[in-house]
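Note that the chains take the letters A, B, C and D in the order they are written out, and that residue 1 is the start of every chain.
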Amino acid sequence: MAKILSLAEGVAELINDGDAVALEGFTHLIPMAAGQEVIRQGKRDLTLIRMTPDLVYDQLIGAGCAAKLVFSWGGNPGVGSLHRFRDAVQNGWPHPLEIEEHSHAGMANRYVAGASGLPFAVLRGYSGTDLPGKTPTIKTITCPFTGEELAAVPALNPDVTVIHAQRADEAGNVQLWGITGIQKEALLAAERSLVTVEEIVPSLEPVPGGIVLPSWAVTAVATAPGGSRPSYAHGYYERDNELYKQWDAISRDRESFTAWLDSEVLRTEGTPA
Amino acid sequence: MSDYTSDEMMSVAAARTLRDGDVCFVGIGLPSTAANLARRIQAPHLVLIYESGTLGAKPETLPLSIGDGELATTADTVVSVPEVFNYWLQAGRIDVGFLGAAQLDRFANINTTVIGGDYADPKVRLPGAGGAPEIAASCREVTIVVRQSLRAFVEKVDFVTSVGFGSGPGDRERLGLRGGGPQRVITDLGVLEPDPATCELTLTRVHPAVTAEEVRAATCWDLKVAPDLRTEPEPTERELTVLRGLTS
Amino acid sequence: MAKILSLAEGVAELINDGDAVALEGFTHLIPMAAGQEVIRQGKRDLTLIRMTPDLVYDQLIGAGCAAKLVFSWGGNPGVGSLHRFRDAVQNGWPHPLEIEEHSHAGMANRYVAGASGLPFAVLRGYSGTDLPGKTPTIKTITCPFTGEELAAVPALNPDVTVIHAQRADEAGNVQLWGITGIQKEALLAAERSLVTVEEIVPSLEPVPGGIVLPSWAVTAVATAPGGSRPSYAHGYYERDNELYKQWDAISRDRESFTAWLDSEVLRTEGTPA
Amino acid sequence: MSDYTSDEMMSVAAARTLRDGDVCFVGIGLPSTAANLARRIQAPHLVLIYESGTLGAKPETLPLSIGDGELATTADTVVSVPEVFNYWLQAGRIDVGFLGAAQLDRFANINTTVIGGDYADPKVRLPGAGGAPEIAASCREVTIVVRQSLRAFVEKVDFVTSVGFGSGPGDRERLGLRGGGPQRVITDLGVLEPDPATCELTLTRVHPAVTAEEVRAATCWDLKVAPDLRTEPEPTERELTVLRGLTS
């Protein structure tokens, strides 16, 4: 059964230096508060796994928490570049960042394999692109029935997956709805899991389009109201598109980023920016 | 006819290529603008699919991201990310995929990964692949929307993120790519289409007041021009009004 | 876009003699009325695909429609044997029935591969059992990353899939809820599809736990109220457990089955037993 | 103590093996009876998973099929059939799997496929595999519930539908089966458990008023008897009352 912890306790207990960590949420329900708590606790040498690094990993990379990034699309959606990600790859600041690069279809299927207890997944992908030459975790496999060649990618099994959800009940059952993305697969693929939620309620009313992750499949739940801002929580608050646009200026140079980090993350206690 | 920008002309030209009832895999930015314009003009039953898993989204306003809340609330159904890629895209159910590009070559191969230097130490690190390689592989046809410039229309892309026609005829079949590949490139200057025999992108239309020479001058390779080069009609008042309502 | 047809039109237009046909629905929403319409129209030499043949295929097999059965569990759930299936396998009555036998996990993954446009699926399955020796569509495959051996099974891509759902809207969008089983995968894996529904409504209200199959992914929709009896339609009517038990006596010998077939199927017009 | 049948004793003995909080993959019939009994006695937080995709079902009455409507309405969540097999069973999330058997051998290999003749022309065609091969492979442990008879407890099963310990120690590892395999066979006469060294099923408990010789006489192979053979306690009044409430 999932333990109910504070966000600080959850991050401290579940995430260790050097862990492979997936903070997932596809555009919706991005676990921003958890990411900033990881920064505050000074976690280091993390392998960060995420389809769309987004602001959450731009912040973690800029803050020096990451040794490696496993990803498929590293931009600021609808705005442009992730400057801290670019600075790390292009200039090694604040230190070099190893990358393992896939496509969305590849990453999604890697999580599916991880959640399924399989060592690899098969897809029609990557064929003819330059990715297999740069990413050793892309191989080919031959269909034993038709002889066709397809792509094979290894399962993703993070040490810890962190997701944000709308709510949980007091027993630790987690409910999310709207765009549910890759969260179920990312959570089930992981050894341990931390779910931040907008609120804990006495019982979960069924919601159209909602999914439930049973308490016994979750390690810990922590309340973090507003915990995905400036991403959004369907039914609670909307995406703060302005803040996504402002991030471009905040993150563009090291000084303004460092000032932001200092004032908005390091000097606060669990309050998302 | 009011004044309009070359970007507006590009969006209008892209929107016109969509047929009513098409199932369209939409990326954010210009593709989303074009698809939402088409849905309000000639293609009211256009089915919009965003990679966040929203099937049949009908947004009132243009989303900033491919996962804005309005896409979910207006969709016929919302599925998981693995499902949208496996059951809907990979299975060949999508008629048209829209893609952008940082670099593009004469065979419509696309780079959105790195520019300059080498992969391990690039001059410019771009966002990367996202859904593009499999959109390029699996959709029945692909429309590329990109501003035309010497920086973008290069002899050879620095990195093949998504395959157009590879190195020419027969390559898609050899690579096992089941979709039809790029059928048109819509730019701010005109429209390029692959030559049926050689697969090489050929200028088939120019936008009003643009000359073929101007387009050739914005292309690194020796761009061929179709003998029956036509001019894309100007945006109608209706197209401009709807487009500006969407993007304002 | 899905065409709205009558059940008789749908079966006549979509199902041909010799087709590979999947009538799916895992315990819930079994397309019984469609199966009986197939019998009435005298379709022959069908390859019948279904995880749990259940009463619907016991009837089709006994009526002589099937040349081959692809399945994973051929019993009367909670009751015992499927006597017409047994009589066909043991005694070749009314004619010999070829079988291709899998496990549930294998069949489910074969549909997933079919729906995904992949030629095969990988699973941890069959290892050490006698099934691979009898079923040529079970092979092994080696993980290109770990060297582990796993099972591979080919995609199922029926010529036609038939499912039953609670309702559709006038545009042909289909909605089902409750136990949704394998219906989405079976339908998407097929070349053509026919969905029988309890009712056609002006528009589909979202339902918790519900799934929607968009009209443009469905070939035809036909109303068939009560079309899954004695199986059930969640929210419409319950499973007729008594009729499942009575089937044991009806189907046990050829004479009583033939009498039932004559009076309840052949002499009726689209009314499920 | 009231009178009780040997089937009731079997259900009670099976139910007693479940621990509170266990996640249990339940087949229909005796396993479902035992699991639902345990949930009302010593294991109120037992998590019942049926292969129809209902996770955490809490039925008031015993379902006839693994997909009765009440399983869906009382479940914590309902998932698709591929998901229940891939994400939940195959991934190793299930503590206990319950299986029945038409034939069983000394290494707890199970046949539910064909009896007599050969596979292509069997004497008796049984329902087949269903979910059993992967339940037997992947659950942390497996409990088999089956009435003891010479017909069922055979020297060699006619067909291996689901693997117990194969031909002995080391076979599960060689076959890549990640679950622990059958840890007990509950019959109407007693309880058999695999010998830790040889994996051979050994009689460890008899039900009240049953002798080891009676059990051996209902077993085709030379059934070993544990030196510390114990007697399973009789059903309590509470167990019988709840069981009869469930099955009436």
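In this text, a residue touches a chain if its C-beta (ideal position, glycine included) is under 8 Å from a C-beta of that chain, and two chains touch if they have at least 3 such contacts.
Owing to the predicted nature of the structure, the values given are computational and were not obtained by experimental measurement.
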item	value
Intersection of contact partners for chain B and chain D	A, C
Distance between the centres, which are taken as Cα means, of chain D and chain C, whole angstrom	28
Whole-Å gap between the CA centroids of chain B and chain C	40
Where chain D touches two or more other chains at once, by residue number	77, 86, 90, 138, 178
For chain C, residues contacting two or more additional chains	112, 117-118, 123-124, 148, 150, 184-185, 209
Chain contact topology (line, ring, star, complete or other)	other
Which chain pairs touch, all of them	A-B, A-C, A-D, B-C, C-D
Touch list for chain C against partner chain D, complex	26-28, 51-52, 71-75, 77-79, 81-82, 85-86, 89-90, 101-105, 108-109, 111-112, 123-131, 134, 148-150, 178-182, 184-185, 209, 232, 234, 238-239, 241, 244
Chain B partner contacts - residues on chain C that touch it in the complex	1, 112, 115-118, 173, 184-185, 188, 211-214, 216-217
Touch list for chain A against partner chain C, complex	117-124, 137, 139-141, 143-146, 148, 150, 152, 154, 206-210
Touch list for chain D against partner chain A, complex	21, 23, 45, 47, 55-56, 76-77, 86-87, 90-93, 138, 178
Sites on chain B touched by chain A in the complex	28-29, 51-54, 63-69, 71-72, 77-78, 80-82, 85-86, 89-90, 113, 119, 121-134, 137-138, 159-163, 166, 171-172, 175-178
